[in-house]
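Listed below are the structures to be examined.
Both complexes shown next keep chain A, but they swap its partner, so chain B is in the first and chain C is in the second.
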Partner chain A sequence: MENGFLCRDRFQDLLEALRSLGYQCIGPQVRDGAILFVALVAAEELPRGVRDIQAPGSYRLERTAGPRFFGWANGPQALKPLVFAPREVLWRAERAEDATIRFIPELPPPLRLAVIGVRACDLAALDLQDRHFLGPPAEDASYAARRASLFLVAVHCSDPSDSCFCASTGDGPRASTGFDLALTELDDGFIVESGSGRGAQLAASLALDAVTGDMRSEAAAQAEAARARQRRRLPSRDLRAALFARLEHPRWALVAERCLACGNCSSVCPTCFCHAGVETPELDGAASVHARVWDSCFTQSHSYIHGITVRSDTRARYRQWFTHKLGSWHEQYGRSGCVGCGRCISWCPVGIDITEEAAAICTGTGHD
Partner chain B sequence: MGEPAVMAKKPRVAVHKFSSCDGCQLAFLNLGEDLLRLSSMVELVHFAEAGPVDPDAEVDIAFVEGSISTAAAIERIRSVRSRSRFLVAMGACATAGGLQALRNLADGAAWVADIYAVPAELDLLASSTALAQHVRVDLELWGCPVSGRRVVAAVRALLFGVSPVEEQDKVCLDCKRSQTVCVMVTRGLPCMGPVTRTGCGALCPRFGRDCYSCYGPAENSNVEALGRRLEGVGLSRTAAGRRFLSINSAAPPFTEAGRRRAQDHE
Partner chain C sequence: MTDLMVPHEAEVVERISESATIFTLRLRFRDGSRHARYRFVPGQFNMLYLYGVGEVPISVVSDPQDDALFDHTIRAIGRVTRGLSRLQPGDRLGIRGPFGCGWPLEQAQGHDVMIVTGGLGCAPAVSVINYVMRRRQLFGELVIVQGVKHAEDLIWAQRYHRWSRMEHTQVMVAADVGTALWPWHVGPVTELFAQARINASDTVAMMCGPEGMMRVAADHMRALGIVEGSMWLSMERSMHCGVGRCGHCQIGGKFVCKDGPVFNYTQVKDLLPVRGL
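After this line comes the complex of A and B, so read on.
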């Protein structure tokens, strides 16, 4: 629902309104040469006039004189670290005097977070993470607690990067669902829409102007331009059959020669959810902390079972990541695991491009 | 490593030193409170830097720092091995020959002649080598220096009677877990993280500098692809080779990647 127009110089009102509801604001800021989501107090901290220039294996920021706060595509994070924490303590075990062991579950601290500047691809990825962590047979308590604490303020993407292909996966550049508020940024301010009851309530508390026809046309033109600008694409939204028919395609070996198996693609992927359990006992052995940490299908331990490493080389590991993400994900979650954010392309140190590999693997018979 | 059996109630521990800088022994000494707890749980029978000296004692666990660099050292490490149930190689010198293994790639005798007034006083082998090239090693803790956290984890695991968990993933994973921004992707720095064993907690990238691989090669390291990338971010072929020939130059994948580039230059 369209609620009105928020003047640029009133953006702080939005932050104050969220704070008065008990939310701590998290927003995009320039840190160490990238756009990161960090605690946001004042609108002046937003990356005004900042653009991101992304290419395979490269991410650079550039400052312009422009007025916009959200004139960039994305940074390395997405929403994943806020819900599926890189290190989450799940329980603590203690040995009592009588040698019995007590397990004490731990939950993340109850923080209400309002995230400003979420992209359509981030919301699509969050929906996929929800299906994984909240779906049957069991809801993950830590994820659920973090997820329930979020208030999401999306900003429709106006400036996709060279790595983006959300139009091809059908996940952007315009956010259509999953947000509390969504903003369309124009030079003078923001068209505000609400996507939830609490979003509508919050919007009603702001001093908004009327949205004009000119603003709507500009917003529509901007969305179309953002879509048209994307050059990369996947061959299809469902590559399951194509990939599993080509498990012996020679391209797997070629990409393995380039791939560092460093796990950066899976770490920055907003939908990858693999994790490892890490036990850290006290030195005296009387207590131990059990944490869940981000893992990757590119590690040796990920496929280690009973003395055997199932996927010992990079060819097998890359193929696992790729065929799961774009193939078997359909069986598990009813869609591909790729939302077209392009992070795996930009943050791969050697610039391997998932769209290029998909095109190479899914064309031809795979027996050449 | 073999299956560790349950330890004696108060296991006897020794810390030995070979060719090294003592930095890994400091990883022990810097444990703080954990060192006090440790000293009440084990019997530290030999640890020259901390006080007790009994190099010939029979022990349950021997932590060994340093590389094998002299003929006498070969005899001594065999002796240590024969008196120890578990032998833990601790640090880059013990696991890969250390910085001093750079002489393996050069004319070591010429270096000695350039530096020392009376080179004949030195009884040096032509190469500096890892402990595992001379004796059976039950566990390797990589790093220059090793982290105290790893030492504690190893001791704890051995006291439980289980195999210590090997940390052999790439530094990149710890960078991403700590939400550290990639210095290679954003600044084109010649980071060794993608081929380097984790354990440091991505210390250098967290402070904005490129990893120089003081923890040595990670498992399944694609040194060729990284070598090409180092050249791609602006290093000469020789300079890219030198990135591999540093603290862990004698670790096989690094030796090969570095040498190929150095030889091409010659």
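After this line comes the complex of A and C, so read on.
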């Protein structure tokens, strides 16, 4: 629902309103040459007049003269670290003198987070993570606690990067669902829409101006331009049959020659969910902490069973990542695991392009 | 979910040495009411937690109606299992489970049963053999086929001898490499399949062992006339969570820990021949 127009110099009001509801604001800021989501206190901290130049294996920021806060595509993070924490303590075991062991479950600290500047691709990825962590056999308690604490302020993407292909996956550049508030950034301010009851309440507490017809046409033109600008695309939204018919395609060996199996793609991927159980005994031996930490199917240990590494080479590991992302997700959660954010392309140190590989593998017979 | 992810304290009641590296832990939960509530079906597994070291998935080998204890037969090969091998009666560990789908034992009632195991992977199937033995009148002919690489790899030889003396039960064991006093077949175990005394079209087959072995065994069983939909197999993959979240156990779109570990052959036959999936 469209709520009104927030002048650029009133953006701070939005942050204050969220703070008054008990939320800590997290927003995009320039850190170490990239845009990261970090604690946001003042609107001046936002990346005003910054754009990102992304390409296979490359991510650079540039200054522009413009007034906009959100004139860039994305940084490496998405929402994943906020809900599926890179390290999450699940329980603690305490051993008494008589050798009995007590298990104490742990949950993340209750913290209400409002995230400013969420992209459509990030919301689509969050929905996929929800399907994975909140579905049967039971909700994951740690994920559910973090997820319930989020207030999401989306900003429709106006400046997709060269790596983006969300229009092809159907997940952007405009956010259509999953947000509390969504903003369309224009030079003078923001068209505010609400997507939830609490979003509407918050919007009602802001001093908003009327949205004019000119603003609406500019917003529509901007959305269309953002879509038209994207040049990359996947051959289809459902590549499952095509991929599983081509598990021995010669391209897997070719891409494995370039792939470093570093796991950057799975780290920046907003939907990759693999994690490992990690045990950290305390030095006095009286307790031991069991955590889950992000893992990657590119590591040797990922497929290790009793002395055997099932996926022993990079070809098998890249194939696993790729066929899972674009194929098996359909079987598991009813859609592709790719939301077109392009992060795996930009953050790959050798610039492997998932759309290029998909085209090479999925077109033709697979025996060429 | 907390309940699924957090272990419960259990106690080693007995430790049985099966071979130089294989041992059985007989366990019970310290909390009596939890122990009384604990139910599993053969083919399911628990996550065993060794204090300060970590967790491993191990199938339950005991009988589901044995209320006193539940058993895990384990090969000491990794960091956790080597540590578990040093546990003695009275020692404590953590247990989460049971997880996964078990063998189709109700579906197999009234039919002949053929159990094929290979290498050291026979533990999940031993629970089925024991299950059938204790409810003998519910099933038809029972054929037990076990293949090992080397004669010395066979554990539980006495059990195979004992089973072979039971009525309506046929035991066939083969070693690729025999020894002087090896009483059974020397050569690929699949050479024995044609001797199986079963009504193939009325047989439920259950397999456990290396994937290559199961694939070849399935081909031979199909040749005997056993229908694909009546063949079941237990798969193995790395598992850290047991509930389909950690991602390690995936084979194609399946999570072995929750969609399996027991699968119908038709669910995985396209994936079995692919190396490194």
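Basically, the second predicted complex is superposed on the first by the 367 of 368 C-alpha atoms of A that agree within 3 Å, B and C clash if a C-alpha of one lies under 4 Å from a C-alpha of the other, contacts with A are read in each partner's own complex, and residues count from 1 in each chain.
Throughout what follows, a residue touches a chain if its C-beta (ideal position, glycine included) is under 8 Å from a C-beta of that chain, and two chains touch if they have at least 3 such contacts.
Computed from a predicted model, the values in this text were never measured in an experiment.
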item	value
A:Gln77 touches, of chain B and chain C: first, second, both or neither?	first
Partner chain(s) touched by A:Ser312 [first = chain B, second = chain C, both, neither]	both
A:Pro281 touches, of chain B and chain C: first, second, both or neither?	both
Touching partner for A:Thr64 - first (chain B), second (chain C), both, neither	neither
Which superposed partner A:Gln12 touches (first chain B, second chain C, both, neither)	neither
First (chain B), second (chain C), both or neither touched by A:Ala34	first
Contacts of A:Gln201 with chain B and chain C, given as first, second, both or neither	neither
Touch count on chain A, higher of chain B and chain C	C
First, second, both or neither for A:Phe103, with chain B first and chain C second	second
Partner chain in contact with A:Trp347 - chain B first, chain C second, else both or neither	first
Doubly contacted chain A residues - partners chain C and chain B	281, 285, 295, 312-313
Sites on chain B touched by chain A in the complex	34, 37-38, 41, 152-153, 155-156, 159-160, 168-170, 172-173, 176-182, 184-188, 191, 193-195, 208, 219-222, 224-226, 228-229
Contacting residues of chain C [partner chain A, same complex]	1-9, 30, 49, 51-55, 75, 77-78, 81, 90-94, 236-238, 240-241, 243-248, 250, 252-255, 258, 270, 274-277
Footprint of chain B on chain A - complex, ascending	31-34, 36, 57-60, 76-77, 81, 86-87, 257-264, 267-268, 280-285, 293-296, 299-301, 312-314, 346-347, 349-350
Touching residues on chain A, where the partner in the complex is chain C	90-91, 93, 95, 99-103, 105, 107, 132-133, 137-141, 144, 240, 244, 247-248, 273-279, 281, 285, 288, 290, 292, 295, 297, 302-307, 310-313, 315-316, 319-320, 323-324, 327-332
